[in-house]
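Below: the structure, in structure tokens.
Letters A, B, C, D, E and F name the chains as they come in the text, with residue numbers starting at 1 for each one.
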């Protein structure tokens, strides 16, 4: 491709770059984008580009498949209740090891290798994410986030690091100090609210919110909270999407400017969402 | 164009963006790129993009045609000796007015309008550029740069501004405090040295250094000081290029990492030079 | 004179020096004090003394005669409507060149030469002064100040510079980015308000506000806004004084502690106003 | 016990507290002190006390037993060559998960629970510990530490956190970015040198350096490098002690003031070493 | 004593140390603890320990016996009215000399000698304590504290010094600039309020507040303002205790968290109060 | 006097004010200027003026007459050996009380009253001046200055205070922690050296260094160290002047730019020395 066209494309991204400079964006990273090698490499590049143009980026990752793999390897069965993993003591140990020890540090290493600066943390570090154990006994060490103390994140961001966060919380109340398994989308939403982020971006394995789940052409590009709730009332939101939609609503109602549900199955969706005219997926706004 | 390709092109620029982050680049802006409206708009965009990705940019501008126009308008003849304008008292007043008052503030305004932060200065501000009057009486108030005090530039850069500099110096010695007309290429080279810049970029109306001035295909892409001096000895450097080459040598010998002579007649040459594989024009290196 | 008396006079100024330390004073510099060589030198000395005793000084200058001179030189006629210069495109270019390029940098150079630290700016730098075009089409590029962004001034003052400001604004609205000609008194008043200055001082070619314009002995030394408005209602304020009085009222109503109309035809009026018992000219207060 | 005696004991510790204020101490934490519940609780308290009296403490932990347990659970055999674990790809994953995910975050959580501020990191974070793969192919992903970049540790210490470090390095050279298993004693020694620490303390499961391994009464309380090398030449240092002794020598030769080999099988050995007259274990000094 | 027990006692103090870190404690130092050599040495050690564990300590001292001794030596009689020293001009000179020159600098020297950092100040320095002369003419230069300007104390505390304060004020009103003799308990209470201290501790020569002055077993350990006022109404507070109680009430009503009246006749009462379970003396709380 | 002349005199001082801005000047204050009420008031005004124009001023005071008065009052005889006061334990107490408690705080109060910011310190505060006891047993607690730790002075100067220093040192060696009586001129010289002061000014009760002690017209205005030593060799320096001359030489040989011996019997000698063309007294220079 000609250099001239290259330059034009860079310039095309300029207004978006100018807009996001100095702002904070919290990305929930999960699904196919974490498994597929090319997609993963593209996400890492996107994160570094975001950091280069002055965006303060926080990455919250998932890790279901890796947890399943390790549970299986240790002869432990994966069970789920209401979308949450049944997390007995032994499972919690595996969850913590896989998320905080493997997935988290691997992503951190990839960012460093690509020339970025990353620091791998979880909710236990500085007791950054405090959670209490859910009441449902069957679910075990599953937590509900009570409070996010953003100070350790601010220290890291101010020192130029991209924090990479595992969704493992510091337990409070009856399980004071015990690690708890928390939902990564929720963790991302609560962190975004605590940081007063400009954007919360949830990377998923679907296109966004669809009017008709079976029709990709029915993607809704923009949606206010009110419109979203109205769709929900009419049962037009798919079951799997509901918790994600609720995370977005929480963020929007707590100071985050925009929330996005984007398709992580395509390469560079973060850059496309941030730096092109059309964006990608569904954008949610407060009003 | 597809978003996917847009993203790839952004990513293609990433290693260059990473490399230049936090570094200082001094650009001499002149020739066609200052006259042609589209070229000018493209330079402004390039400067803002450079600033967005964390490059500390200093712009030193020329302004010959605007000076000629104004001299003519006031019934004053433009005369030159050895490439320097004969600058009697009246001419110096016009030079100062046009450069510091018109050209400088217009560029500053354009950067602001495009969403950047700019501050228009000249060598008189904080006596940033001190010069002494050349001995040749015929040349009048033409100065040779003695010393650059970079402190006002550092204040501006640290506060996030792009300094836009007119090549008008604060006279010392016999003309203490009197404005002096200085060469913009030299001013840029001395400023680059004083700032320990990564790069000095001279925008010109030629392709770069050519083996054969009449053959565009003879462009020399890279040249060490030694090679350059050898070409000069063989009279293979065009006369007009010699002072520019000397500015580059001064910069390279005083701590600047690379010096470039690029073709300002093309749009976005700054971005192309900085953010593509091939670069553009001639790159000079110390060794 | 005996050293003993010299010391006594310095000590006499001490309470005033103590009072103004660390405070901000905005001076509108114009009229004879800009033209007469001795007066100009005295103003420069006064500014440096103010800076030495810790006063954060901002100078806003005029430049009518220099503009007239240059307009004439380029064969352009000077026309005025309601006290404002009819500023067509060509005139605006001359205004900008003369103010920002000539007058501004000359004053900056004089302060540097006298051992001070000065930086020459205008409303375009950092878009410090935003103005919109007046509706009266005949007046051309004349602006009304909408907003002053003091951040560039604070950066300069904190770094120890005396900002010297040309009354040329950054146009907004229909003329986004276009330079606009603004009134220097108004610019000074708006800047004083934006900085929460202790004092606004307008240097004029009259003694101050007189009860009887023809009787120098009728100088009013102190006047509250209320008293001033009462005089105006009785048509006891001369026509030329009204806009200056309105600038003072604006400043006083927007956080400036005191406003002064002083006689710039005498040397060292700034020092006399600030550091002697009687002061000079007319002092306006909010109540 | 009487309050009076309590007070006397606190006062007895005062000169030591005064001496260590503001200094950096790097502790290698391993062996029984990591397994036994009471000992672990005592170490945590000691760390918090150290932090309370202004000591900048860095903890480098081991985790052999937990790794063995997990390897066994996943049906993987633990093999060792020359004291180093044979670390094939699969083993390295377990090592990383157990150290960075389980042991590290558990210690971090315990410090937080006891009222301290801790942050769990490994050599991958900010590429803090760079290592190259050992040449011996059988050993797999075992690394030799090349370089410690202390900046992330300084950021954490300055923000009041106690860094808890897993001995997993960021691979360089042929294994760029790949995690490497490194020796915890070596990691602690290199970190101590990089921080210019006052002390390196290695917690072990022996009393210290003994003249006669079978005679606890033969403990050597103080030893210079010279004396240590002399003992080694005479084969009077036990085989297991040699690598620890070498770590101490490295630290002492690279700016660390004192190195200690202490007995982690007793509670509060850190406090006893730091805050009592006799200290505990063997103290090594440069001369 | 065994090191193990030493360690346990240090650890026993840990929760208290954690609690008081970074907090401000103002101690009024007087009575026997200033006269007895061993008690004095113990107070100095306590102050250094407090400083070592991060408590920002301010010491306000008395000095009655030293004043009496000096007055006697100069042939001046000590007279008191309503608990206040009759302070004529000559007496005030002696008070000032003894407190600011002798007692203050001696304590400062002792802290330095014990390895601490101290600075000896009085209310005159930076006009830190402004007071007005009491109306009762007989009492002479006795002052009532109007205002405490804590800025000089914050400068000293931030630089790591323990301020040692003499109860001599800077007179205002009719005695502008004249030193005034003020009550040390009151000075301490006002300083504690100005600093928003965690605690005010008054060291006395009694056990604390007793239900029955003649029965040491009747010590009241905790008392709210309400309870204290109720006791006072029932005349159950001894006469000498009333002004001290009022100082405590002032502090508690002005932002100080707790006030203590402790027995300075025992060694290390400060450490015992701060770092043991039972504490010592009487603790007063707002509610 | 006319305002115009007042302004001229202020302007006359301007070059001196510009020269001394931001520089440090150490003044030894003693003799008549401390006793006479008008002279004292003038010195205070001079100090405030110096501070207002940005001079970092440190005042070291004497206090012989006040000490004599107090010794007499307590029935103690004043005895001198070789110009030093015989300072037995009792005398040392009086010296410390009078200097640190009375003279120091009175000067501090006067500066505050005149609108300045002062802090009264002595060599004990922060152990700023360390001295060892002279060997001559008869002289008692007289010290020789070993070392000045300027950090407490820098803290005070940076916070905008004028430090007022009593010549009482913190004893080291055999008298660790004991106050020692030191010579005020020496203290000033050592402080000036420790601060790298621009000037040391010794206020005396003579005109300066005279060629003929009986002829006021024989004042030597400028003297290099070499010239001074030559005069001394020829016994042309009066006996009382020799220690002062030696203080000046010490300062000049340790980084102080200029030393002055001025006549404190005239009002405003500090201002006259600093801010007039002729200066006053004798100026000593290194070469």
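Here, a residue touches a chain if its C-beta (ideal position, glycine included) is under 8 Å from a C-beta of that chain, and two chains touch if they have at least 3 such contacts.
Computed from a predicted model, the values in this text were never measured in an experiment.
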_Over-half contact-pair match to A-B, picked out of the listed pairs A-D, D-E or E-F_ = D-E
_Centre-to-centre distance between chain D and chain C (centres being mean Cα positions), rounded to whole Å_ = 68
_Distance from chain D to chain B - Cα centre to Cα centre, in angstrom_ = 55
*In whole angstrom, how far does the Cα centroid of chain B sit from the Cα centroid of chain C?*
35
*Got the chain A residues that touch at least 2 other chains?*
none
*How would one label the connectivity among the chains shown: line, ring, star, complete, or other?*
ring
*How would you write out the ring, from chain E onward through chain F?*
E, F, C, B, A, D
*chain E contact footprint on chain F (complex, rising order)*: 70, 73-75, 93, 96-102, 104-106, 108-110, 112-113, 117-122, 124-127, 152, 155-156, 159, 161, 168, 170, 176-179
*Inside the complex, what are the residues of chain F that reach chain C?*
1, 3-15, 17-18, 21, 42, 45-46, 48-49, 52-54, 115, 266-268, 271-272, 275-276, 278, 280
